Every structure is written in C-alpha cells, then in structure tokens.
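Per-chain numbering from 1; labels A, B, C and D assigned in written order.
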Amino acid sequence: MTEVRRLLDSLDGDVFDLSRPYVIGMPQSPNHPRYWHSLPRRHGDMVRADGGSAANDIIVMGTHVGTHIDALAHVSHDGVLHGGRDAAAAQVGGRFEESGVHTVTPFVGRGVLLDIPAARGVDALPAGEEVTAADVVAAEAALSAPIDEGDGVLIRTGWGANWELGEAYLGMDSGVPGPGPEAAELLASKRPALVGSDSIAFERLLPGSGHAVLPVHRILLVEHGINIVETLALEELAAAGHREFVLVLVPLPLVGATGSPVRPLAIVPRA
Amino acid sequence: MTEVRRLLDSLDGDVFDLSRPYVIGMPQSPNHPRYWHSLPRRHGDMVRADGGSAANDIIVMGTHVGTHIDALAHVSHDGVLHGGRDAAAAQVGGRFEESGVHTVTPFVGRGVLLDIPAARGVDALPAGEEVTAADVVAAEAALSAPIDEGDGVLIRTGWGANWELGEAYLGMDSGVPGPGPEAAELLASKRPALVGSDSIAFERLLPGSGHAVLPVHRILLVEHGINIVETLALEELAAAGHREFVLVLVPLPLVGATGSPVRPLAIVPRA
Amino acid sequence: MTEVRRLLDSLDGDVFDLSRPYVIGMPQSPNHPRYWHSLPRRHGDMVRADGGSAANDIIVMGTHVGTHIDALAHVSHDGVLHGGRDAAAAQVGGRFEESGVHTVTPFVGRGVLLDIPAARGVDALPAGEEVTAADVVAAEAALSAPIDEGDGVLIRTGWGANWELGEAYLGMDSGVPGPGPEAAELLASKRPALVGSDSIAFERLLPGSGHAVLPVHRILLVEHGINIVETLALEELAAAGHREFVLVLVPLPLVGATGSPVRPLAIVPRA
Amino acid sequence: MTEVRRLLDSLDGDVFDLSRPYVIGMPQSPNHPRYWHSLPRRHGDMVRADGGSAANDIIVMGTHVGTHIDALAHVSHDGVLHGGRDAAAAQVGGRFEESGVHTVTPFVGRGVLLDIPAARGVDALPAGEEVTAADVVAAEAALSAPIDEGDGVLIRTGWGANWELGEAYLGMDSGVPGPGPEAAELLASKRPALVGSDSIAFERLLPGSGHAVLPVHRILLVEHGINIVETLALEELAAAGHREFVLVLVPLPLVGATGSPVRPLAIVPRA
C-alpha cells in the first residue's frame, strides 16, 4: 500500500458539505450582483456530424453571494487596507493585485466548530443576538483541544436554519445574530487562518439597521488580516455533534477580486 | 494530540495548485461566454459613518473556461445523456436537475499523474499528437501502483506549457495533443472517478479541425459517466517528479449547470 | 432651405422621454435577470503615454426590465408562437431567428395616448383595476382622430406614478391596473403597430396573483402579432394634455432575443 | 387630417438602419466585455395553467460594442473630463452622475453624410489612411448645404464593408482609416451635436499600433464635448446617394455609463 493510500484510508470518514447550492433566487444581499445562470446552448441546438451535442452555461454573480470567502481587499478603514496598504492605490487597474482573493492560500487544515447555541443550551440564537467573548470561551471549552494558530474557526449561531425562508434569511427587519467586537477581538487573538459563520454577514445585525457599520469586518479583515467565510451550512455538522474536523476550503483564483465562492468540506475521520 | 491533528500531520506536505488563475483575456474557447471581472464598488465609493468602505465584484463567465470540470449534462449523443437519460427532457426548466454539476461528488482521493512525454522520453507531445492506449500503459507502469477504481487520473501532454502564449494555447490552427478513443476506452475500463488533462479539451485536436467531433467526450461522459477536468496546470507537479498524491477537487454546487470552475490541489505527503 | 430642414422645422416641438432610467436596484420582475452596471475601467486605471485615459462599462440585464418592448418570440400558447410557428422549433440554436426582437420594425409613426383615468375623471386607476373595452372607447373619443391601423397606442393607467416607490411598483401584493381581455381584443381589432402601458406587465394583475396567467399577452403577441411596450413613463406627457404625437421607438437589433430595452420619444409639434 | 398626420406624411420616406445587429461573436474590441446572449427560459420550461409560456433573455455586454455612442465620461485627458471636470471625482460611486450617457440628449435632427471615398473618387479608403481636413472640406462641398451647428455628421471611410470579415474589421494588424487630428479640429469648429463613422474607433489607426493613443477622442470628447458614434453601417445609405437626412439616434438612459448601444435611423424624405 502506498503512503498516499495509507493516508487516504485514515482520512476516510464522513464528509459534510458546508456550502449552499447556487440557485437563481437564493437569498443574497442586494449590495451584490445577483446570481444568475442560463444555458446558452442546450442539447439539440447544434448537433455535430456524429450525433454529439453539447450544452453550456453562462454565470453572472457577485463574489459575496452564496457561501463565499472575503479577501482582505474587501474592506478598508479610513482608506487603508490590512497592513497599511492604501486602498485607493491598491485598486488601480480594476483589480487588487496584492490583496485579492487569488492571494488567499487554499486551506486544508484543522477546522473547529464553536457551537454557540449548544454552549448556551438553546437550539439557535435569536435574531439580533450578540455572540460575546464569553460565548466564544464557553464554546471553545467544548472542543477536544483549544483553538490553535492557523485553525479554521466556524461559529454556529443557528441562523442558518432560516436559509430556506428566502428573504427572511437576510434579516433586514429582524436583525441577525452574530459576533460582536469583543468576540471578534478574542478570536483574532488566537490567530486563526480564517473564521466563518452561518449568516450572510459575519456580524451581529440589529433589527432594521442593515449593514450600516460592520465593526467585525474591520477588526478581522483590516486590523488582523483574517479572512471571513459567510453563508455556511453548519446545521448538519452540528447536529452530528462534530466539533473538530479536517476543513478543506479552496477559493477560486479570481485575480484581483474581493471574494470568491467556496464549497468548504468538513471531513470527520472515522473513530 | 487529537486524531484530526495526527491526520493533518501526516497530510502535511507539498501542495501543488493545479489551476490556472482567472484573468480577463486568458485563453478560452470562443464557444463559451468569456470570463470578465469588474469592481462595481471600489473603496471610497460609499464610505460608512465609521470610515469603513467595501469593494465588491461582478463576475461573468462560462463554466468551461479556466480550469473546470465537465458535468455529465455537458454532452449528449444521439439525444441521450449518460445512463440513457433523454437530453431534451433533462434540460426542461433551463437546468439539469439530475446530471448537473451540483450532482458531482467533491473529490478527495488518490490522484495519479500519467506523464506521457516522460514515458516517451520527450519534453512535451507535439501539436495534434494522439495519446494512445500504449501511452497510457507505459505511463501507468511508471506509477508506484496501478490505477484503481475511483482514482483521479490526470494526463500530462506538456501542452500546458503553452498557456502563457494566449490564443496559441487553443491550438485552432496547430492542433492540440490529447487522448484518442483507444486511450479513452482503456482509461474508462479502469473506472476512475474523473480524468483530466492540461489542454482546453480532453481530446486530440487535429490541425484546423477545431471541435468538429469530440469522440473522447462521448466515451467518457456519455458512455461511461466519468467527469472530465480541463485546462489543468500540471507542469510544476510533473517537474517535481510526483506521480501519486492526494487530489482535492471540489466543484461549486451550481445547480443544473453543465460544468464548474475548480481549483484542484495535489497534496504530496512528505517522505 | 433643404427639404430635410423644412421637415425638421415642422417636427420641432416638445420632446417627451417615455422611458425609465436604468439604475441598479430599479423595480423589475424577479423572473428576469437583474439590471447591473459596473465600470471595469475607471479613469486612471490605465493612462496612455499622452495622458489619455478611458473608462468603460459592463452591463448585465434581462430584456424585460426597464422600459422595453416584447418581441413576438416572447410568448407562446399551447406550444405555438404568432402565425402558428412551433415554439420549440423556433428556439433551436438559442435564438429566435424569425420572431426575435431584431425583426421588429423601428417605429416612427403616429402615437396616441389613451388616458384612462382622465376619461374616468380620476387621477389614477386603483390597484388591480381592469381597463375595459368601454374605457378604451371613452379614451379614444378624447383623441382628435380615432386610432388608425399602424398607430402606436399607449394606455395610461396612472400606475406609473408608483415607479419611485420601488418594489410597490411591481404590485405583487396589491395588484396592478391594466387592460383586460376585452380591451385587448378591441385594441387588436384596430390593428395598431404596437401597444404599451405604464405598468410592468401590460395586464391587469389581481392582488396576490402575480403573473399566473397573462391573457392579454396571449391575445396581442400570439393571436394578433402586436408588440407590447411596458414600464413606460407617461405621467408627464399626460399632464401636459397631449393625446397625439410622433412616436419614435427603436428597439436594439438583439438577434434572436425576446425583447429589447427601448427609449421611446413622443414629439409634439408646436401649434 | 391632424398636424401629426401631416407631419408624418412629409416624413414618410426611405428609412436606413445605420446599426449592426448584435450577435454573439461579432467583431468588437477586446478592451470591452463581450456581447453575449442566452435564453434562461425557453418555451416549455414553465407552462402556465392556461397553456401560456414565456421565453426571456440575459444580455451581457460592454457599451462600446456594436453600434454605440460615447458619452463624455468615456475619455479623460490628464485626469480631466470635458468642461474641466475632475475624472477621479466624477466616477466616485461607480457611475458618472454628470457626464454619463444618460445625460446625452436624444438626437432627432439633421444628419449629413461626408462620403470621403466618393469625394476622392474611390470605393473605400485603404487601411490606415488618414481622413484629412481637406477630405472634410471636399466631402462637405458635396452636401446640398454646409454643416450647421447641431447637425449629426457621419463620416464614411468605406471600412464598414469589412464588418462581415470578423476580426479583420478591427484592423489590429492592418490599421484602419479614420479622421486625423486636423479633420477632428475642423469638424469640432462646426459644432455638430455628434459625429460618427463606420469603423470601430473614430480614429485613424496605423498598422499594428492598436489604440495606443486616441487623439481624436481627446479633441472631440474632452476638448469640445462632442459625442462620438462608432461601428455605423453606412454602405447602403451611401450607395443610395443620400447625403442629407433626418437622423434619429436615441441612447439608452444607462445612468452613469460611459456609452450606450444605439440603433440610428436615417430617414430620407421622398422627393
């Protein structure tokens, strides 16, 4: 047996798909170009001499729709990107050469789930609820080992259960639960490679306030250089009780873009 | 040390990115909508009360541009998709519910590289050259273990070195090297999960003939239900002498689409 | 003075723009790809040697968004387009060669405004109200001359005043006033070149019913071969009291498409 | 007979469509997003209870593809747009509020054709040939009346006959005939409302030089505030010998965009 085979045997396990399927009409922020798909060619449109026929696609989308990752280029504060880079200069040419999503290293590493509702003994956090630093501490205590530098840290609020509700998932009127600034600072101090959650913005949104200010984006992307993953599907993973897993998360190399769709996998080795 | 940590330690190794970066103007087939990227919002366009600002993207693309995977829905023969499914019926509604790319299982498994030029003792195959069944046999003999059912089989022709040349990579005039029908049948008999190569079509293209007929697509997609990956970057992996690796290849769940961009990784465990 | 000058002198008059500006976020049916605009290049992105710089655009849109015209290809009934053309056969190849919007003759002709609220002595029709055949008769009586074959007939319901309200303009919950089948039959009997109105669908929509059935589209497009113009801006023209004008309405020659954006002008010669 | 009818009677005449049909694959500059069209819904995809079915479209395009008009926002020089407006400031927000194509007044006025090859006694200008001020003087002399302020001035080089050749129309290798700076200055001094021509750029392009510098754009758009129309179809109009006509040219109100597709009509009153 080869080394690769041995490794794959040990890696064999349950695979959880942490992404949302891309479908026309799925909930997404109106700030971003809407996902659309069409078939320019269908079978039968052009049949080759031998009876062969091909169908193809056109896709239009923003990069902050569906399950996606934010590049450091996504957010600036007072005109400055992470690392003190001047935001205006960085975007000349219509793409971010140095902080675009193509610079994000594909992630194959330890993933941990901070299940905040489980730590609180509830099913899901209510709309507009803040995930506090104390929540992070309590949920981390439920892990088999603490968060390490370089981990992928996924926070479940339970809001993901609303995905199927459509517009309600955006929580424009209701608000959305999510990490507050203290939780974000605590997370950042642990130096994860990335963080993510099950709502459309990795923020606590108050009812009716929308995306007026996004302090957690500032803390993570601008101040600490930590990528954010949004619109994750975490319900199934949490229901199975898993808190630690091999996380595979590979952004597309969209040169100079501020984000990318991703389809993260959580691989849980069999006991 | 947790089981996940132990596993990741053993998985730690060299990671090869087998994808091409998505850039406006990259070589792609004129049959498919061109990749385009723009920043609808740049930093400074709308500054929040606290000094925060976000940039975002619009992406337009076909799904058979850049490094990508073909779903079984992509090709039909005599009006029939793989498994005898009626192609006309399958596409009603503008998406392929049952054979679209969202039905392709994310691949984390054994990958092998069939380095055809190496087996022949040359740097690269010439334009229009056929990869034969004998080539496959010879290149497989160089593996540490034969191809198994469920493997991901990547074929290097050396044509990928032309990527930077732009239009010449398409080989419209010159032709492109690639597998012929006999090689495809032999590959299919080994029941891989997927196959891929370093040219834009997993076919041998004769000079000036373009995509008039695509027999290998028919054999693999329609007759055998094997997904095809195209426009792979294999030069670096081959130059390092690796023939076996953990292949990670995760299509986006674009519901009903005939293909998806992918960014495959080859992970080579350290000796 | 040349003949053209003489003609233009007589044509000189008040010009009314009957279109809605295309803006991201404008109200449109969720059935159609959303209008989006971005600047891939802005000034300064690439400066030429002489100090010149160009900005450009990418536009994504459906053709039934904003002020637009429906081609005969847009609607079929029982599988048949206008003139008994088989709808399935007509769309092979992904475009309507024979009934697409490129086949609509640019219109420069007599336009008349049927101001239904004015005929009823009200400001605007209420949501969900039917424009009846009697309404058409009454509004036609207010014209200086009856509708002639080949005219462009624009029907004002007053609903256009809701354009600025955003989603409410769609009337999904409220319903929308518009012509019923009797009015459509009466209009069709007069053989206009085209008809149009100030709502998003040239139909009466009942509250909550959406676009479940579109009988007036069937009557006009399928049975009579009369193009329909939607989302017109008629308030200003009506407020000025004009009922007859030179109507200029030129669709884009989008080969094989089912509709096109238009910017119709009403030119009212000075008395 | 109403005044409008009388007017239309006098306007009745031959109508020349000066636009190119929008088709996937038509020649266009690689600097701009490519025109693409697809039918997201075809007839039969979703059939309503009464047997009705609708097909619709998605369009992706740049605004400087096909027959189109350049807004003043399109070009800047040394960071300045026409009227001394700062280009960087004008584009904040991702659209040009004050010099975008929505600010171009729809044109219904006198159009004149300067047929340069006819004035020279040749069929068409050769590739790379400059239209000089003397050419403009000679062609203007062939008009029934000189150019007036506010006219639409269309210049025929004969290059439009190459439209059907595809890539060759772009003239990247061959060069393209067009007005030089002296011709542009002379034209500008006559204060036309707009100018246009039958090539893809209203410039003389030398062989192999591409769009390295665009002096005529600077003169017309930046210095004189005169809109430019490109990719016109002038062969038929010229062949019929018409030099003066009613020109109808209505840009779409794409708010903040740097250009718009147009379908100009030349109406030649019957003698």
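Simple rule for what comes next: a contact is a pair of C-beta atoms (placed from the backbone, for glycine too) under 8 Å apart; a residue touches a chain by one contact, two chains touch by 3 or more.
Computed from a predicted model, the values in this text were never measured in an experiment.
Engineer: Please identify each chain that touches subunit A as well as subunit C.
Structural biologist: Common neighbours, subunit A/subunit C: B, D.
Engineer: Looking only at C-beta pairs in contact, point me to the busier pair out of A-B and A-D.
Structural biologist: Higher contact count goes to A-B.
Engineer: Which chain's centre, taken as the mean of its Cα atoms, is farthest from the centre of subunit C?
Structural biologist: The most remote chain is B.
Engineer: If you average the CA atoms of subunit A and of subunit B, how far apart do the two points sit, in angstrom?
Structural biologist: Taking the average C-alpha coordinate of subunit A and of subunit B, the gap between them is 25 Å.
Engineer: Taking the mean of the CA coordinates per chain, how far is subunit A from subunit D in Å?
Structural biologist: Subunit A and subunit D have C-alpha centres separated by 45 Å.
Engineer: Multi-chain contacts in subunit C: which residues touch at least two other chains?
Structural biologist: Expected reply: 33, 36-42, 44, 58, 60, 94.
Engineer: Quick one: in the complex, what on subunit D touches subunit A?
Structural biologist: Touching subunit A: residues 24, 36-40, 42, 58, 60 of subunit D.
Engineer: Which residues, counting only subunit C, touch subunit D once they are in their complex?
Structural biologist: These residues of subunit C touch subunit D: 1-5, 7-8, 10-11, 15, 17, 19-23, 31-33, 37-44, 48-64, 73-79, 81, 87-88, 90-91, 94-96, 102, 106, 108-110, 144-145, 212-215, 217-218, 244-246, 248, 250-259, 261, 263, 265, 267, 269, 271.
Engineer: What part of subunit D is in contact with subunit B in the complex they form?
Structural biologist: The touching residues are 25, 30, 33-34, 36, 38-42, 44-46, 60, 92-94.
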